[in-house]
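Note that the chains take the letters A, B and C in the order they are written out, and that residue 1 is the start of every chain.
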Amino acid sequence: MFAYLTKRLIALCLSLAIASLVIFLVVEVAPGDPASYMLGINAQPDTIAALRSELGLDVPKHQRYLNWVGGMLVGDFGTSYTYRSPVSDMVADRLWISLPLAIMALCLSTIIAIPAGVLAASRRGKMADAGVMTATQLGVAIPNFWFAMLLVALFAIKLRWFPSGGFPGWDNPVKALIALTLPAVALALPQAAILTRVMRSSLIDILGEDFMRTARAKGLTRRQALWRHGLRNALIPVLTIIGLQFSFLLAGAIIIEQVFYLPGLGRLVFQSISQRDLIVVESVVMLLVFAVITVNFIVDLTYALADPRLRRSA
Amino acid sequence: MKRTTTETQPLLEIDTLSASIHSKTLLDQISIQISAGEIVALTGESGSGKSMTALAVMGLLPNQVDVDGGIRMDGQDLLTLSETEMCDIRGRDIGMVFQEPMTALNPVRTIGDQVAETIRVHTKASRSDALARAAEVLTRVGLPQDRFPLGRYPHELSGGQRQRVVIAMAIALRPRLLIADEPTTALDVTTQAQILDLLRDLSQTEGMAVMMITHDLAVVSDMADKIAVMKSGEIVEQAPTRQLFANMTHPYTRDLFEASRHQANMPDPIKAPALLQVQSVSCDYPLPRPHPFAKRPAFRAVRDVSFELQEGERVGLVGESGCGKSTLTRAILGLSETTTGTILFDGTPVFSHGHPNPDVQRQVQVVFQDPYGSFNPRHRVRRLITEPFHLLPNPPTGAARDSAIAKALSDVGLSPEDADKFPHAFSGGQRQRLAIARALIIRPKLIVFDEAVSALDVRVRAQILDLMAGLCRQYGLAYLFISHDLSVVRSITDRVLVMQRGEIVEQGATEQIFQSPTHTYTQSLIAAAPQLPELGDPNAA
Amino acid sequence: MNRNLIVGLVLTCLFIAAACVSFVWTPENTESMNISARLQPPDAVNWLGTDHFGRDLLSMVMVGARTSIAVALVAVGIGMGFGVPLGLAAAAAQGGMLDELISRLNDLIFAFPSLVIAILITAVFGAGAINAIIAIGVFNIPVFARLSRGAALSLWQREFILAARTAGKSATRISVEHILPNIANLLIVQGTIQFSLGILAEAGLSYVGLGAQPPLPSWGRMLADAQTMVSLAPHVAIVPGMAIVLMVLGLNLLGDGLRDALDPRLQVRRA
């Protein structure tokens, strides 16, 4: 277990290091100098130079990379070129929308998918299975932002049950949750469709295993065997997919935020891109990558808890 | 205490049981009776319906199977019971043990938990009572608590130990009937002997009726009270064991029996110079690092092995799983490098400068165990069996190639027209013939048979052994016969090497080793191997 | 026989045909605007109605199919072209340094939130179809590499590969001759799945304005344009949305159908 943990931890740090390097390089090669962009075309060369040194752009590239990474390690994400305010503050504000949204969507999709997958697998080939599978075929095919638009048209504009967009802030938690409901549903349903299919096929594989027959030979009913022996084994691959989905949900949240005009990380990224505020883009993307890699690391750990074979070996 | 002969009512009575799926007959009018304390064996080749009968008794046949007839236990017809009532009977009155112990246990739950589950499903025992009973049962099947605590997971146990856990699960509630479906087929001979002893002991001391399903007549010959021989869903012959061996009435039974102890008629060995020289060879396997900065540890699979094989000689290499014989085989075939020592063929190293030597590979061909995995399913026979031509500097083309293919196919008893078929058109035995044709086509001096008959039914196995003998006579081939099964090696080899934990512990002329083995391991192997009685021997059974 | 296969094939062919036909003919010119006839619901002239510039939606969908299919197809090509050889090489190296390196790289790319990076790439290098293709294609590489490595690894253990090795064939030759044909089915099925994911990703990118640029029509941007008009003229949002759904559904059904049709276990039964 200790060996497994250290191995995964080293992999985690390496991934983060390489990710930061890739992101830095991609942003570095971007055409255009932020300082001259901010000051406009008529700026004097010496004002540009002054701004460049103020923004820390005049030091060599490798130095800038180290400054950036070193800053992030102590929670300093640098200063926004456009707003001259600490990036960490801007990100923190936005994170309070994007993170709850992604988590709500993840919970929703898991809550829908696991029972649906179990139902389909245990009624394999019957009506319930066919129904679930047709629904998932559709769910997988629907782009979440379009689904979001349809939800807005129906529930916000026509029925007026939910606001069509915007975010009232967390001062009133009920209102805030209501504002996040439609976006979370839009994000969750297509993911739930994928997860349902994984759950179903994983459980069907397990149902064909020899130990399920052993369980039946002991006198367990089909249902008892499914719950006591099938589910926990079937959940192991499902966990991986849940981990991977977190990355899709974060990215999906960026697009869904556009549909609902939510001032989350996504909007911050798009604003910063259009203003060439690259330090913000860099930091937000790095933060998202960090979140995804960490979640996958946690999934690996739960994996080891769920599967005793991993605890000793590997 | 032997069975209670006074009892008139059998415990289990299978009465003209038939089963079919989509109007295809699986079982045809099967009738068997088993009394308490009696061991009844169901034997026959694969697909004869043995396991189907067992699953029918358990009520675990797939839903699409139509069943007809009666299965009475204590006079109660199991076929008329509801699924809920069957659940009560399974595990409590009938226990079942399966063939594959490696997969029969749930990998994510402890063995104690899984044994206790049988108890908790059927009784109101508390968790701690059930666990206490589980500990008792595990001790009973030979897994004492000081060495195998309840908290062990299946992956921490060997195959034989796992099979003991499965048996413990099956007998936890002292069922009156135990069904064992090929319980020892996946195990090594010495482990097999132990498990058979355990089953016999359980039957005797607990008075349990045992239905034992096996393809191996020898396994049941000295343990079953009664044997039923099955063929394509029918029982062709059924009699008390002693009587059956003394007087086989059905020709199929006789065929099975003859094939099981078939002796291929090999030509006399020719005295010739050494062909293959294995000189103090050791092979290491890299193991996973214990922690990321550790040096990668290695497992020595083969330790300082030396032997020679003469031209035209047939040598057997025997050992149980994990003894290193596969690793050694790979090294001889030039598929992997040896850690130390050299392997010479006709004086040339098999492996040099990081590559196998093509001149040697041309002389050494191989036939593998699995008749289904040995061929690329997408190629035709023509292409499959000519693959070794790749080793020739100038492979034959056109008519020469066609005649080589035709010759190889007719040598192994197939027809030249088979060249245009795909491998799935052939049966298991025919595929093994194809594999031999592929080995033969470039006229090697040595053929390595890697468990080449282990996956075959006895009658097919006998035919393949005869074919090997014939080819040996015809082409003066040398054979290296790798097997876990001593009895197969006996009829077809001149010399035997016995391997244990990476070392050759004994070698010598085959008959001499069988008559008077000197090493304790060889002795235990020979003692553990089940023996068929002589025909008509009154002391059989 | 296989219903999934037929429905999937019909839907997929329909869209591919529409995209091809659009090169030579569309019901109306997609570049001509007709403000007076804007936001018309479907009728006899404009079968699917018109958008906010009065352009014929059927023509727009046909031309948009071109963009979607081209982007997704090339992205799958990139994924297969790089991923499959890498996966085969890793499997052939069997635990060697090369295998380790390729597998770790794969894991790394997998760990990146793909759409976020796609957004970063298109944001930095500029929005456009080419950059969208690269951004989507790069994330297809590890998918195919991992799939072919996994499938090839289990094949390498099979006895027919051992037999080929004893016949002196090199790892490259075995990979091409024995491994590749036996994993082709898997690759084709995964290919259709990645194709459908590519369509979805392209739609997402062009919805946020980072995909194909005007005047080239694309389904994602049609949806972005429609967003403010959903309550006025629902068909403007429904038509391109349905186009995406049907195309993706078709590809997924095709993938499922192919998986069943190509399953060697089922083939043996038929033979």
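A few comments on the model shown:
Here is the rule we go by: a contact is a pair of C-beta atoms (placed from the backbone, for glycine too) under 8 Å apart; a residue touches a chain by one contact, two chains touch by 3 or more.
Just so we're clear, the structure is a prediction, and the values are computed from it rather than from any experiment.
Taken as a contact graph, the chains are fully connected, with every chain touching every other chain. Looking at B-C alongside A-B, one finds more C-beta pairs in contact between the chains of A-B. Distance from the chain A centre to the chain C centre is 22 Å, each centre being the mean of its Cα atoms. Here the CA centre of chain B is 47 Å from the CA centre of chain C. One finds 50 Å separating the Cα centroids of chain A and chain B. Those residues of chain A that touch chain C in the complex are listed here as 11, 14-15, 18-19, 23, 26-27, 29-30, 137-138, 140-143, 145-146, 149-150, 152-153, 157-158, 244, 247-248, 250-252, 254-255, 258-259, 269-270, 273, 281, 285, 288-289, 292-293, 296. For chain C in complex with chain A, the touching residues are 104, 107-108, 110-117, 119-121, 123-125, 196, 200, 203-204, 207-208, 220, 223, 226-227, 230-231, 234, 237, 241, 244-246, 248-249, 252-253. Residues 58, 60, 83-84, 87-92, 95-96, 98, 100, 103-109, 117-118, 121-122, 153, 155-156, 166, 169-170, 288-292 of chain B are the ones that touch chain A when the two sit in their complex. Against chain B, the residues of chain C that register as touching in their complex are 95, 158-160, 162-169, 178, 181-182, 264, 268, 271. Residues 286, 333-335, 356, 358, 361-362, 364-366, 368-370, 373-378, 387-391, 422, 424-425, 435, 438 of chain B touch chain C in their complex.
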